[in-house]
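Order of writing sets the labels: A, B and C. Residues in every chain begin at 1.
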Amino acid sequence: MSIEAVALRLELDELYADYVHCLDDDELERWPDFFTEDCFYRVTSAENYEANRPLGLIYATSRNMLKDRVSALREANIYEPQRYRHLVSSLRITGEPGDVLDLVANFLVVRTMQDGDMTVFAAGRYVDRVRREGERWKFGTRTVVLDSRQIDTLLAIPL
Amino acid sequence: MSIEAVALRLELDELYADYVHCLDDDELERWPDFFTEDCFYRVTSAENYEANRPLGLIYATSRNMLKDRVSALREANIYEPQRYRHLVSSLRITGEPGDVLDLVANFLVVRTMQDGDMTVFAAGRYVDRVRREGERWKFGTRTVVLDSRQIDTLLAIPL
Amino acid sequence: MSIEAVALRLELDELYADYVHCLDDDELERWPDFFTEDCFYRVTSAENYEANRPLGLIYATSRNMLKDRVSALREANIYEPQRYRHLVSSLRITGEPGDVLDLVANFLVVRTMQDGDMTVFAAGRYVDRVRREGERWKFGTRTVVLDSRQIDTLLAIPL
């Protein structure tokens, strides 16, 4: 393994770590910037994903749509003061190395309600395509594949 | 830390990530190939492990036994359409570097039932010995030490 | 990314992995040694942390106080024979590189009771400052920020 391959690997680790902290720290305004301008972002169930159904609980085809989503979330502001904590593991490069990379990773989100109740809110995998833009890697495609086909209707937050 | 030590570390990360995705993607036919031919695979409780009791909820002493287990699972096919998601963290090399390495890592498995119910199915640690075979690292010994001494009787799936 | 930056990153991964196994293996006597002599260790809620309230569920301002805590735990020994399993992810260097580093990471702790019942015991983030002492990195400051403001009163164990 070359130093370049090692460095690449750690850059990707950083991308995933930054993304997670952005969400968990409720810095949603930074969130769209993890994506390319022409990105494709989707949250779907494993069932739909495996059946190639182009449905999504959340669906966006540009960074601007992600920005609109954040604005809507901030204006609505109806959600309870709950907290989310993402755990991500087992990041894996599935395709050939290059300026575009296919990746998969597992995630788990724990939600803590104000009364202290903690539950596994979501579990699943990220199926991603990242692209290098200057010094940074960005998500060209991020498909959040949930193990469950049901999801709490409060799923307004990005995953 | 030398480039060799760094590369080794990332190769091991890859091994653990590949293993996890193999299981979570239900590609069980690939699973035995993560092990050496004369492997030792065991799932046991922490209680039994610490008391040096050679018991196991699952027990195999060769790769062929793992293949048999996969065949049996595929033929039986009685299990509900549930999904498993592994999270692995804190991989640590515990012994001396060489062509055989002792490793430990923590894991958590979340199970999602078809009705959407998610639970922590298993938590514990992997106590492993890996061996290099050509370009790949393989598990010579994998002991899955469960924190719980009870486990859902559906534990037919590998961990 | 230079080989030095890569090596640093892996050294930090090792620090976090060692710490976790020390706790989960109940080797608490080793725990204070992860800290500098003049360390600051605190377990607090996200609510208090964000409001800059200097409160803590656990609070120590030196390594000796951590040792006292371990002694007290061993003598009291009132806790049930439960097991804890830490999962850590998304380690991120937040400040400038140097001999002192600011870091953040997410964690999740699963508790397994003797009857096999498993629950998410704690979730949150580590907000840390580490310092190099010879060959090792040590925690100069570790703030354990819990997502929940309630915590099981059994929280005598370190996190």
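Operating definition for what follows: a contact is a pair of C-beta atoms (placed from the backbone, for glycine too) under 8 Å apart; a residue touches a chain by one contact, two chains touch by 3 or more.
Treat the numbers as computed from the prediction; the structure is a model and nothing was measured.
**Student:** Look at both sides of the subunit A and subunit C contact and report whether the same residue positions are involved, with over half shared, or different ones.
**Tutor:** Looking at both copies, the contact residues mostly diverge.
**Student:** Only C-alpha atoms count here: how many degrees separate subunit B from subunit C in terms of the superposing rotation, rounded to the nearest 5?
**Tutor:** It is a rotation of 120 degrees, to the nearest 5.
**Student:** Centroid from C-alpha atoms only, then distance subunit A to subunit C, rounded to Å. What do you get?
**Tutor:** 26
**Student:** Residues of subunit A touching 2+ other chains?
**Tutor:** 3, 6, 87, 89, 108, 119-120 - these are the residues of subunit A that touch more than one other chain.
**Student:** Using the touch definition from the top, list the residues of subunit B that touch subunit C in their complex.
**Tutor:** That would be residues 1, 3, 5-6, 9, 46, 87, 89-92, 104, 106, 108, 119-120, 123-125, 147-151 of subunit B.
**Student:** Per the contact definition, I'd like the list of subunit C residues that touch subunit B in the complex.
**Tutor:** Spelled out, the residues of subunit C in touch with subunit B are 3, 6-7, 10-11, 13-14, 16-18, 20-21, 24, 83, 85-89, 108, 110, 112, 114-116, 118-120.
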